[in-house]
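Dropping the structures in below, format is structure tokens.
What follows is a pair of complexes built around chain A, which joins chain B in one and chain C in the other.
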Partner chain A sequence: MSLLPEYRDPSKKKEYAVIGKSKPKIDGPEKVTGAAKYCGDLKFPNMLYGKMLTSPYAHAKILSIDTSEAEKIPGVKAVITHKDVPSKKYGISPARWDENCLCIDKVRYVGDKVAAVACVDEETCYKALAAIKVEYEPLPAVLDYRHAGDEGMPNIHEEYPGNINTEIHQEFGDLKKAFEEAYYVRKDVFQGQRAYQSPIEAHCAISMWNGNKLTIYSTTQSTHYFQYYIAREFDLKMGDVRIIKPYIGGGFGGKLEPTGLEFNGAVLAKITGRPVKMFYDRADMFYHNRGRHQGTYELTTAVDKNGKILGVHANFILDGGAYTSLGIATAYYAGALLPLTYEFDNYKFDMYRMYTNLPACGAQRGHGAPQPKYAFESHLDNIARDLGIDPLEIRLVNARKPYTTTVNSFDIQSCELKACLERVAELSDWRKKKKEGMPKNTGIGIATGAFVSGAGYPIYRNDWPDASCMIRMNEDGTSATVYNTTVDLGQGSDTVICQMAAEAMGYRYENMRIISGDTEAGPMDFGAYSSRQTLMSGWAAKRAGEDIKRQVLNMAAAMMGLPPDDLDARDGIIFSKSHHHPTKWQPLTYEEVVSQYCKLYGPLIGKGMYKVHATGGTFKGAAVGTSPAYSFCVQAAEVKVDEETGEIEVLAFYDVHDCGQPINPMLIKGQVHGALYMGMAETYWEEVHFDPKTGVCLNPTLGGYLLPTALDMPKIIKNEIVDSYEIVAPWGVKEVGEGSTNPTMGCFRNAIVDAVGVTINSTPITYEKVWRALKDKKEGKQPAEIKMPPPPANAAVKPY
Partner chain B sequence: MQNAVKGKDGITRYLVTIKVNGDEYTRIVKANTLLVNFLRDELDLTGTKRGCELGDCGSCTVLLNGKPVDSCLVLAVEADGQEVTTIEGVAGVDGLDKIQEEFIKNGGLQCGYCTPGMIMSAKALLAKNPKPTEKEVREAIAGNLCRCTGYVLIVKSILAASGQEMETYYE
Partner chain C sequence: MYIPDFEYYAPDSLDEACQMLAQFGGRAKVLAGGTDILPKAKTFSPIAPPQTPLPEILVSLKNLEELKKIEYVPGKGVVIGALATHNDLVNSELLNKKYMSISEAAHQMANNQVRNRGTVGGNLINAVPSADLPPILIALNASIKLVSVDGERVLPLEELFLDVCVTCCTEKEILTEVVIPDQKMTGSNYIKFGARRSGALAIAGVAVAVEVENNVIKDARIVAGAVAPTPIRTKKAEDFLKGKEVTAELLEEAGVIASGECKPITDIRGSAEYRTNLVRVLTKRALRKAIDQGHV
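Up next is the complex of A and B:
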């Protein structure tokens, strides 16, 4: 079989009817008119409102809870504590289920769940919460992850002594030898901050029972995982739990796991016999969090004299917060994805994810990869500078080639990283700028990134298909409805899935409909995370579409008196490939053929599924981070630094992505812009601050946590995709939405160094930090060095 | 405020009449009822979103007598006798407004949660300034946070609705 990608083979290059085109979003009209209903917009007869009481202490024993006063308030319909809810621990990472619906004996962060109420309206909820009396015995808290593992620190979870949540040690090749034989070895330590997804829509869940059947409308990124975890918690059959996702106002990883809203809402609904709408306000969002882990990243890299990487040691420590959330995967991702962009044969990865008395961290866009990637891209620039190599050239020397395997056994098929580097260089005029220099205090930086197109293995162990899809034709053939349980968070999966289905059917996008995200309507799909839907759910949609087309062509064959093999469909027209005649064998329409089919046989339904092939090696943790395919991208940023104030102005931004064959170029651009926006903000501004003594969040508002506005975006943005085709994917697609966050922080950091020659090794690189660094430089002071904290006292293995 | 009644619960409530999207609605509200909640809960106009209730995000933007305001910062009693336009009042019976069309055409929305607020801000801008510069567009929506789009295609959509192209974005 030839591995020559389709797009490289001119004879195979096909003009597609539906894919590859910037079709308008299928949900556009509903969203621009305000008709689109989000979870918080829904109302049901007799519905109550629910809210949770949370802990004011970072770490404390619960001595008593008195709900009697709250219960007396008119309009309060139920007040629950841990005694009323299942005591089974839940979580999303099965290896560490460590969270209770409501805390039993102690609270582990400011914001931990203590009690919940259901009332006739929102206002009464707040009154009821204020009337619940909880007696606490405060305990010493662990608020600095860098010392969470020190001897004598209080223990947060009994089951995890020394506060180690996850410990990883992986070694590939012979790193020692690589270091000994190297021309140059450099070590750097970087630090990242806690960032938060901050979707504009807050979490909400509406629970209701009908006998023993539980229905929950929820702001979820995965209806299937919610169905599974909620059934598990309440010992229900999966078939007795229905999860429905209305429109979702952004997720970015923060809505992937069930929360106290679903569990406690379900209990409140059961007790009151009424639907209960539970919701977070903006401050609750910051406390629930599950945003980006902060960490300290030590990197030691050996290179030859051309800058070719010989070996890398990554030694990381992460602040996990009080619970696991998706943190085990985050911890693995942090190291597992580092070898994607550059080829090297020797690699060691050590990681500790620590428990602290702060909100739990989880999976934020780019899951685990962006901060380590920022560290590595900064580190690589330092090496290039030491060796006098151009940052672009050192990346070209090391860039991954297609059809290679990473040091940690990830199989790469398509990879156009080199092409991305060259194209960014052209777009940004890199070589000219480097040769001729740039105006004072302006600089340019470059960085690479890569990401999975869907996780190789599901979050909890199971052997269901990763994605499945069903398509039903309207009986008269005038429309087709896709049924699945994908989740459109805004990224546009409903649109892209419909484009793919229509292409496979030989039908029209404009006549596609979709019902996604209802576990009772659509077949199983794991939902929106790890950038999986275009590839995985896309396969299922393609196969379901082909199934429809097969049946339609069979029916048409009988109607036309031609063999089905001779027929094809495009744009809703079925035609003969070889028989052309002015009167005979006239093309038929989908409408004619489908009507005939349904009259004879009843519903016309197509189905399709997708299961990932076995990925990854056999060592411990080998599965995490693997994917059927990997995207690649390169970004460059040009910045201008104000020497007086430290203010950074972004002059231009360039992004070139290898996302396989595009399905909808307009949506791809939107994803890149959104990723740029988030990455840029994480470089300069965004940080969730906590009082170092109490663990109270200091900026839980959208005014305190700085999201850029339309005025803060770069002056010039150029983004493109390169020609690429992924053989294991439907029509050669790969991801785009998360991978684009990976290079961003690194390229901005490198641009700042290039502009003013000061290195700041911690994010956010605030204007104040830049100003201080410039001042120190003028005064001849050495910048303060970031130190790698010692390994936790209880560590099973120490890095060296 | 003469139309006040004291309930059995000791809370005073007020009779307000607000003209919303051309129709007058009379309701009894509490002094602390926010305009955003009046629209959403009393009138079921849930196109106006709530993202923060603190005036930070702009997802609750409506036009109050033609001027864009965060409806979470306006009390229902303050809007008594005033005219409010919400996103539901933007499209006509004969189709979408030009701004709405351009948002769809140019990819000016993703999750759509900020979209109603964005469109209301854009509507107010174009009503008083039919040919705004790109900077003016950005200023007009600077109070509307979007977490999905990076604003690029939103700005493009609004400029397109005014018959102009974007200068700073290259496709």
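Up next is the complex of A and C:
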């Protein structure tokens, strides 16, 4: 299907031995039997427990902190405040390091870190925290991001006047001209909500020192970033910081940056000379947050009479919360990824990410993309309706083609978006349903999405390889161990890395072992974020595997008396490609060859690395959103709306993905189902609520913050992948999973609008919201309009 | 997360339990499943302090086997022991046969873990407005028995609830049983409306019981939950229905009247206006179902 077949791997149609097969998860038995140990399960001799005291005010000066009473409580081993920790500001986005281990002069949200204790048990921690006396002078708080930049609002960070955290203005092509020449121009404003990742496993860190060497067991998505940032905070050499990742119970972007648990835990461990375990409970997780930004999204699009997009103006404002976290990237991603799925030549992107006195927002599955994509897919359906064009057709008209470059300089190689659209149309019987109509109050909606397969540039500027990998054969050849620092969050990266390594080696998946996520055991890899591991860490694993195979074939060549070029390996058997004889040149096993190698030369080790090629343009912010390859997907949903209650039943859901060549189809299905789950959850249910006067979180529990249950999932889920091969990726792979959240909200919204013809421009689309929209429609009332807030008073540039 | 220290007793007889409560007074609370009292007393973090502090003393009823039974007593009715768990109600053959609507209501509660632990008595005495059992039990005219050292009293269940989490059960009393009297009602059921299909508190819930003969409603009881400080009977709607022939319009009208009788609040789960609408819709639907399915 690709336009340039000569670039396709000639071996593609070959039957692979290990990849492309639904191999069982390598950690499945440990996880289902409970043998797998997570950070919270770990205990060490003499270990203390640590907890943090957090601010009850959204915005307040700290006048004094008195820890004397807390220190007297038996079992309290250390009490620390800002005086005991480095005052160096930290953060994950280098351009804005704005967070302290413990607040110095003021607190900036309910939940901000004020003090920490280490005690003999958890109960004593709470007693100690209750005995710390903090005198605050409450300040007026900024709780509505839409007015955070208004004249006269209190300033949250002195360094950032007017509460502007990030301001972006990008323009490509000639948008004014496109608008002037357009057949039709439409403007819509949409709004999204604050959501939280809600991983099953709570954050935890166990810190311990051996002289000047710091070891931290942590729930992390990136051992390298933790190692780097923790070394930086404490002025340690990176080699003196060891980060170990035990099994992880989900992250979804929320565990990418070190937290007060690591920084303060390390200080408490140093002071007490004992291991200190610090951990969040569910409420702490909601306050630490780093979840989905909420925002208001104004989109203005010019089209010709066929619905072909001529130009787009995206004007967005985000609620960043009290600190930057990964928010600069979020802000850039929000606009940068919009031109991926549809081709247009004129684009303007304006963005303000505002500081507020609420928990900091960060990267959540899909990063900055899902809410803007929801807005754009809704907006595109509105345009299609205005022009009388079928929503499928308007997407086909605009769909990106392979080997193109986006208006903002992203190079696209493989892209089977059109094939995805056509296949979803077939699976869902779209055209028939559109022609013949659907039963009353039922509707169907469609939306597209695209995502990076790994960020083109690391989070902090460096030129280390993006991924590296080492494989060591057990001396007798009966097993091979992969050493790297990838992070299996549950998505199955350990499994696919081992599949890819085994395929490259010509070895057996069943004999693969992996030690991932220990900075002292494996070479550097940036970890699990931006959907990077299958492509980037996969390259490193493939190359390490090929390095092993080369050495094994060389050894076997000597043993068999044949040239190495004539040999190949598959399933652990080394054989001649040309010599077939009943007695001579008999195939050898990996066991025989590796044993011989190790006896003669010692350890048999393979290594591999991967470095992204130069990507993207040269304008400010051009790096964000670049990637070696982009995945594409299309989703459609059929819903039924209960007119009287607004309740929505999802009748069927369709997902077709261009994720390159699959490594493990079962895991792809798992990713798509998981993404659907999260996408549905953000469509209908999830919303973190805050008291609008105090900034206190109103639902920081799993009883109050509703996630869907198995019963809420659609009964019919059809997902498929299309034939696709990415030339820059190992075996043609691309991301799947994170990007699948991008179309979901939009396709559900479009299905609801199709079913009942109401205007709903904000998420979550609660049943009450649908009911109210229906009621307004019945009563002939205009739906409540969402207004784009004015640009911040302090903005450097204000959009036209 | 931890629970503060408390004194714990698990008496072997009801008498002993009553004596303990009389002796400890306000310092003690009864433990009957613990799915509300224990989580609410836990400190999850300094930022989420306990919602309700734990009392000094907990008197667990777990050894009182006689309070776990669900049985039919001729002349009295179906007796549900206060320590029957929600899943006991779901799985009871007797209830499945005689009052399927109670089993179904119990099945809509919380999640399987809570249904395994939580008890009927705990659910009633806890008295949260969104509780799922009271509406259907009141619709079926249930009575309860409260026992203390001073003796026992029997009263209609609907008189138990005074306000949000406040009942007329005194510190000394133990709720021992719920009795569903023999019915003339021909149909009943409870419809819960939550934001998701499992493990969500009711935004509103309506239970009805009707006696229908030759398509004429002879008697009706309608009880709404989560739309007032206590479960409420919508008596105007009940009276409106009596003696009338069943039509779609009649049920619609009954829903409108019932919705006028509730006094919901606005919170993050739903606005007062939406809840009022739900009472209208759920009343109509529950009536239709009770009439059509023809069993209680």
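Just so it is clear, the second predicted complex is superposed on the first by the 788 of 800 C-alpha atoms of A that agree within 3 Å, B and C clash if a C-alpha of one lies under 4 Å from a C-alpha of the other, contacts with A are read in each partner's own complex, and residues count from 1 in each chain.
Heads up, the rule we're going with is that a contact is a pair of C-beta atoms (placed from the backbone, for glycine too) under 8 Å apart; a residue touches a chain by one contact, two chains touch by 3 or more.
The model shown is predicted, which means the values in this text are computed figures rather than measured ones.
Touch criterion not met for A:Y457: it reaches neither chain B nor chain C. When the shared chain is aligned, no partner comes close enough to touch A:F179: not chain B, not chain C.
In the superposed model, A:L489 lies in contact with chain B only, and not with chain C. When the two structures are aligned on the shared chain, A:A130 is found in touch with chain C, with no touch to chain B.
Shared-chain residue A:P700: touches chain C; no touch with chain B.
Of the two partner chains, neither chain B nor chain C is touched by A:F44.
In the superposition on chain A, A:T709 contacts both chain B and chain C. Of the two partner chains placed by superposition, A:W97 touches none, neither chain B nor chain C. Within the superposed three-chain arrangement, the count of touched residues of chain A is higher for B, of the candidates chain B and chain C. Applying the stated contact rule after C-alpha superposition, one finds that A:R282 touches each of chain B and chain C.
Common to the chain B-facing and chain C-facing surfaces of chain A are residues 281-282, 701, 703, 709-711. The part of chain C that touches chain A in the complex is made up of residues 1-2, 43-48, 193, 195-201, 268, 270-271, 274, 277-278, 281. Interface residues of chain B facing chain A in the complex, by the touch rule stated above, are 9, 40, 44-57, 59, 86-88, 90-91, 96, 100, 103-107, 109-116, 119, 137-139, 141-155, 168-171. Chain A meets chain B in the complex at residues 22, 24-25, 27-38, 40-41, 43, 74, 197-202, 247-250, 252, 281-282, 489-492, 666-667, 669-670, 673-678, 701-703, 707, 709-711, 713, 715-718. Partner chain C is touched in their complex by these residues of chain A: 51, 53-54, 110-111, 122-123, 126, 129-130, 280-284, 287, 644-645, 647, 685, 689, 698-701, 703-704, 706, 708-712, 766-768, 771-772.
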